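Consider the two complexes below, in which chain A is the common component and chain B and chain C are the respective partners.
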Partner chain A sequence: MTTITKTPGTKPLSAGRAPEPKRDLKIATGLSHVALVAWALITAGPLLWVLLASFKSNTEIFLGKPFALPNSFSFDTYVNAWSDAHIGRYFINSVFVVVISTAGTMLLGAMAAYVLARYKFPGNRAIYYLFVSGLAFPTFMALAPLFYILKGIGLLGSFTGLILVYIAYSLPFTIFFLAAFFKSLPYEIEEAATVDGASHIRKFFQIMMPMARSGLVSITIFNIVGQWNQYLLPVVIMSGPGADQKLLLTQGIAQISVSAGYQAEWSTLFAALVLTILPMIIVYAIFQRQIQAGLTAGAVK
Partner chain B sequence: MRHGKYPFIIGFLVVPVALYVTFVVWAYIQAFYLSVYEWSGLGPVENFVGFDNFKKMWDDTTFWQSIKHNIFLLVFLPIITVVLALIFAFLLNVGGGQKGGVIRGVWGSKVYRIIFFFPQLLALAIVAVIFGRVFGPDKSGMINGLFPDSWSPWLFLADERYAMGCILVVLVWQAVGFYVVLFSAGMGNIPTEVYEAAAIDGASRVTLFFKITIPLLWNTVQVAWVYLGIAAFDAFALVNIMTVDRGGPDGATSVLSLMIYRNAFEFSQAGYASALGVVLFFLTLTFAWVTLSATRRESVEA
Partner chain C sequence: MSVVDSPATRRPDDPGRSQQGRVPGHVAPKRRRQRGSSSTPWLLALPALLLIAGLLGYPLIRMLVLSFQNMRLRELLSGRTPPWVGFDQYTRVLTDGVFWAVVGRTVAFTFVSVIISVVFGLSIALLMRRVTRGVRMFMVVAMMFVWALPQLVAAQIFRWMTDSDFGVVNYLVDKLPGVDYQNHSWFVNPWQGWSVITTLVVWAGIPFLAITLNAGLTQVPKELLEAATVDGATPWQALRNIILPILKPLITIVTTLSVIWNFGLFTQAWVLRDGHPEPQFQTLATYSYTQAFGQSRYSLGSAIAVITVLLMLGVMIFYIRQMFRIGEVD
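Let's turn to the complex of A and B:
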């Protein structure tokens, strides 16, 4: 770390006074690259290692030399991971839950945010702050009560229960973000539509939603990534009899990891990890700009 | 205009509010309520114990151990992540020096940014599984595999002294890229004329970093600090999946979030778990408040 922090400081102060000597600039730039390449390797290294290990036999993995190429490229581990270790099923479960819950979050969140941002009525602020205050509470605090609420209404261990909980816990941030966004949109077009006799519902779906597109895209990405990566809520909710068929990907991988540990049989685990990570890399490669914008959107405002 | 306004408002709010109140508001209210009861999670809630759950916490060594570990993360996670991210973001945006009178980042900064950010997209649970193997205590682990054959393997997570450090390393590994992108966005908003004017006055890159970048980015750094602090109070997925004996060895990686989970769902102590949750809530609030008021500065306008 010390070498990294020193990097910008290597250029002598005096160099700045005179017109910049080229050599010092080159050294500083070179050191910058060393630091950046080092972090890029630290970031990508473990992922590359997982990929290499996924083709290796268990014996080969225990030989060490983590970055050596595998003796032969065998896809048996992938077949095992997909069918025997049920990665395929967990993957489909996750996609199913996230598609529905994100769609639900966006629809309900946009509806509530729109009404709270642009309509005056008694109780408006109270409801808004009720939603936003949800941001201050740690989810851990609600775990035990949430479990018994779901149990009480018979939704424990069901996709329905999980989806409803995902939506409910995503609403505070979604509403907070979108309400600010709807407020910033101009009022003239909406007024013109009112004069033309457009109904409230029509104004929302045909005028406001298209105008709010960029904000909706950001927050949709934010919710997809957040819900896709959830681990705590599925662990609490997808429990009980029959739940092992309904595990989500994060839970499933954790479970494969535990059973792999008992047998010290790692190759299937690595293949399962690759099958989990690869789709993320592909999606990221295509949408990296939107994803970066969406995930940082929350912190910027 | 007036026609149908209230039916519309009610129609749009009723479902979101109902869901939110049922699963979020009601759950939090119950958490406060349950924190003063002794309740296993089965049967009626009737054994009111006042503040006994909190007294029990006071005498619970696991609680203090967990608090200690949370504080460890709370101190080091934000500072290491923010410092690294600031340096990288600076190199990527300003580090290339001047060419043709324009300040720019080093060559290839787009590629670096894409690579750095990727871990943020992975679930902490997946990261935990990966690093459980990276820190593997024999030759099958990535780091031990890199060591020369003559070395005896390092235990990493199985060693009480280093286990918590490993958790910290993983959290930093995942977080840095996100904050590089966040700070880069902030630096992009600093007008280049500011840098150029300073550079003409002979300011070195170090001076630029401390006198221009940091003050103009202060609000973003504050936000980052609070976010990272909140992450330091979580770490559940890492500890639950990656560590030896979940929170071990011998409690060496126990954190509050794990304690809450285990008391609620494994030790049949739903009341005690709720009390721990209440403490976690007040700790988080206190942290956010202290951070924001301690780092308040006259804001500098670009």
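Let's turn to the complex of A and C:
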């Protein structure tokens, strides 16, 4: 609303005619700021509290003063978490898996979405619905059969198996959004390329992919977040002999918290929790500009 | 002119006509080339198709088959084919009062949590249009972090915050005059426990909704709102008659997705109850999981899972179809 009164076209009008609504608007704007700041505190509060606790020692955590500052800001808890609790290894495992599977998801998803959105062939709709109906199924249901399939093809407890599963479970959403996005792109450039004799593959990689950039970025972020989030899938898949070296970060965290109840190193747990947020800060730093543009325009056309 | 193979073919009456109408000497070589690669579109979609069929489709079919058998630990270990029991598992589930209690609880939770999330998400998105750019960016960043937090981590944080001995929530509530919340356990009373779970789900769910809806709001033409203001429309009228209709497809999508996600609530309830949810904290997802893996009634768990999906599809079919149609038309 504020932007409206600021636009040159309406300014003389609203200024000349009705000063009162404008004051109302100002109050409303002030209130919205207050409301949003309050909400930001609620949103970020738990995170800040965890950050604070991650610097405390175990005794300080149990002192019963949750908002007291720690005696000293040392990174001991982080060092403990990183090496003693093996969080470091799990962290790298997680990054590795998410990077590869997000890249795979985007490539396969974009190719399939492009074909489904832009080509007419018998069975197109059927395949589209097949893909997208995957959206409606809660993951946990397929866990047991998934376990046996992977065991059967010898991919249980391997990164390859986990990555393939991640890709398969991210594809429905990716295809659903990207197909809609590809449809909304103009057809003329592609037609021109066809006339100039570009192959399908070339059209896809050199014309459609760059044009769909903002959509691709938002779905990439969505997939990174979604796959970073996984807990049940790795629990089921990263089992069997030798899998303890290949656990993911979320499993590591569950391990710490389950291991010994109150004897557990809670400070280590908090440090590990903070470490899970870290990659998102990096992702945000990299994609900052695209997030501003892409997240606000891309995902929803 | 060679629209035959081009993806730009949107007109259904086109293929025959354009073939007749092409200039022979000029287009023919290209057509030959394109015919040679006409399987490329298929090839592009094939890897995705194979993965989904193998790792998503096949497990679901296996689960469906399993639900008509009686797979117990014995069959699992010996590798024998479990006996075929027809609809026995389903009759057993559907005549069980406990199951219906779980269904009612899951539905109620989904309903409440989705309504709260969407209303809050939309309000925050609307508020974000009103504040300055800097504040807006700050909001987006804060929400990105919460959105990016793994459910497991968020649940751990809430578990620790509501801890009966050392939780920060008890500490704060206890500060209120006349309230004694020391060592108060939030999960003795199911209403309190469920409000903790709902708060967690809503807290973690709002960022996605607010960011997406805020993105949608940028698509609302400013001219329309200006015209409405000039015509003396109240903000409420502008919201009801301009913003909401434009935003409707997007709201349908995010609401449908929220329902699907919240209906499958698992991790949060699981972690907050330490991996052993009491009967009053079971949802369809945890119930199916405990039956299958905790009690080794794999077939019963599968039947519950199948019923879960059918229930969800039954309730949501209208919206899911609408969501698909939105994804399709453009």
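To be clear about the criterion, the second predicted complex is superposed on the first by the 231 of 301 C-alpha atoms of A that agree within 3 Å, B and C clash if a C-alpha of one lies under 4 Å from a C-alpha of the other, contacts with A are read in each partner's own complex, and residues count from 1 in each chain.
Keep in mind that, in the parts below, a residue touches a chain if its C-beta (ideal position, glycine included) is under 8 Å from a C-beta of that chain, and two chains touch if they have at least 3 such contacts.
Just so you know, these numbers come straight off a predicted model, no measurement behind them.
Visitor: For A:35, is the partner it touches chain B (first), chain C (second), both, or none of the two (neither)?
Guide: After superposition on chain A, A:35 lies in contact with both partners, chain B and chain C.
Visitor: Based on the superposed arrangement, let me know which partner A:122 touches: chain B (first), chain C (second), both, or neither?
Guide: Touch status of A:122: no partner.
Visitor: By the touch definition at the top of the document, which applies to A:232: first (chain B), second (chain C), both, or neither?
Guide: A:232 sits against chain B and chain C alike.
Visitor: Of the two partner chains, chain B (first) and chain C (second), which one does A:132 touch, if any: first, second, both, or neither?
Guide: After superposing on A, A:132 lies in contact with chain C but is clear of chain B.
Visitor: Which partner does A:210 reach: the first (chain B), the second (chain C), both, or neither?
Guide: Neither partner.
Visitor: Using the superposition on chain A described above, determine whether A:152 touches chain B (first), chain C (second), both, or neither.
Guide: neither
Visitor: List the residues of chain A that touch chain B in one complex and chain C in the other.
Guide: 1, 4, 7, 9, 13, 28-29, 32-33, 35-36, 39-40, 42-44, 46-47, 49-50, 61-62, 64, 66-67, 108-109, 111-112, 114-116, 119, 121, 127, 130-131, 134, 136-138, 140-146, 148-149, 164-165, 167-169, 171-172, 175, 194, 199-201, 204, 225, 228-232, 250, 253-254, 257, 266, 269, 273, 276-277, 280-281, 284, 291-292, 295-296, 299-300
Visitor: How about chain A: which of its residues touch chain C in the complex?
Guide: That would be residues 1-4, 7, 9-10, 13-14, 28-29, 32-33, 35-37, 39-40, 42-44, 46-47, 49-50, 61-62, 64, 66-67, 108-109, 111-112, 114-116, 118-121, 127-132, 134-146, 148-149, 164-165, 167-169, 171-172, 175-177, 179-180, 183-184, 187, 190-191, 194-195, 197, 199-201, 203-204, 225, 228-232, 250, 253-254, 257-258, 266, 269, 273, 276-277, 280-281, 283-284, 291-292, 295-301 of chain A.
Visitor: Inside the complex, what are the residues of chain B that reach chain A?
Guide: 1, 4-6, 8-9, 12-13, 15-17, 19-20, 22-28, 30-31, 34, 41, 80, 83-84, 87-88, 90-92, 95-98, 106-108, 112-126, 128-134, 138-140, 142, 144-146, 149, 173, 176-178, 181-182, 185-186, 199, 202-207, 209, 220, 223-224, 227, 230, 233-234, 236-237, 240-241, 256-257, 260-261, 264-265, 270, 273-274, 277-278, 280-281, 284-285
Visitor: Where on chain C does chain A make contact in their complex?
Guide: Against chain A, the touching part of chain C is residues 1-3, 5-10, 30, 33, 37, 40-42, 44-45, 47-49, 51-52, 54-60, 62-63, 66, 124, 127-131, 135, 137-153, 156-158, 160-161, 166, 168, 171, 203, 206-207, 211-212, 214-216, 218-219, 222, 225-226, 229-230, 235, 250, 257, 260, 263-264, 266-267, 275, 285, 288-289, 292-293, 298, 301-302, 305, 308-309, 312-313, 316, 320, 324, 326-328, 330.
Visitor: If we count contacts the way the header does, which residues on chain A are in touch with chain B in the complex?
Guide: Going by the criterion above, the answer is residues 1, 4-5, 7-9, 11, 13, 15-17, 20, 25, 28-29, 32-33, 35-36, 39-40, 42-47, 49-50, 53, 61-67, 108-109, 111-112, 114-116, 119, 121, 127, 130-131, 134, 136-138, 140-149, 164-165, 167-169, 171-172, 175, 194, 199-201, 204, 225, 228-232, 235-236, 239, 249-251, 253-254, 257, 264, 266, 269-270, 273, 276-277, 280-281, 284, 288, 291-292, 295-296, 299-300.
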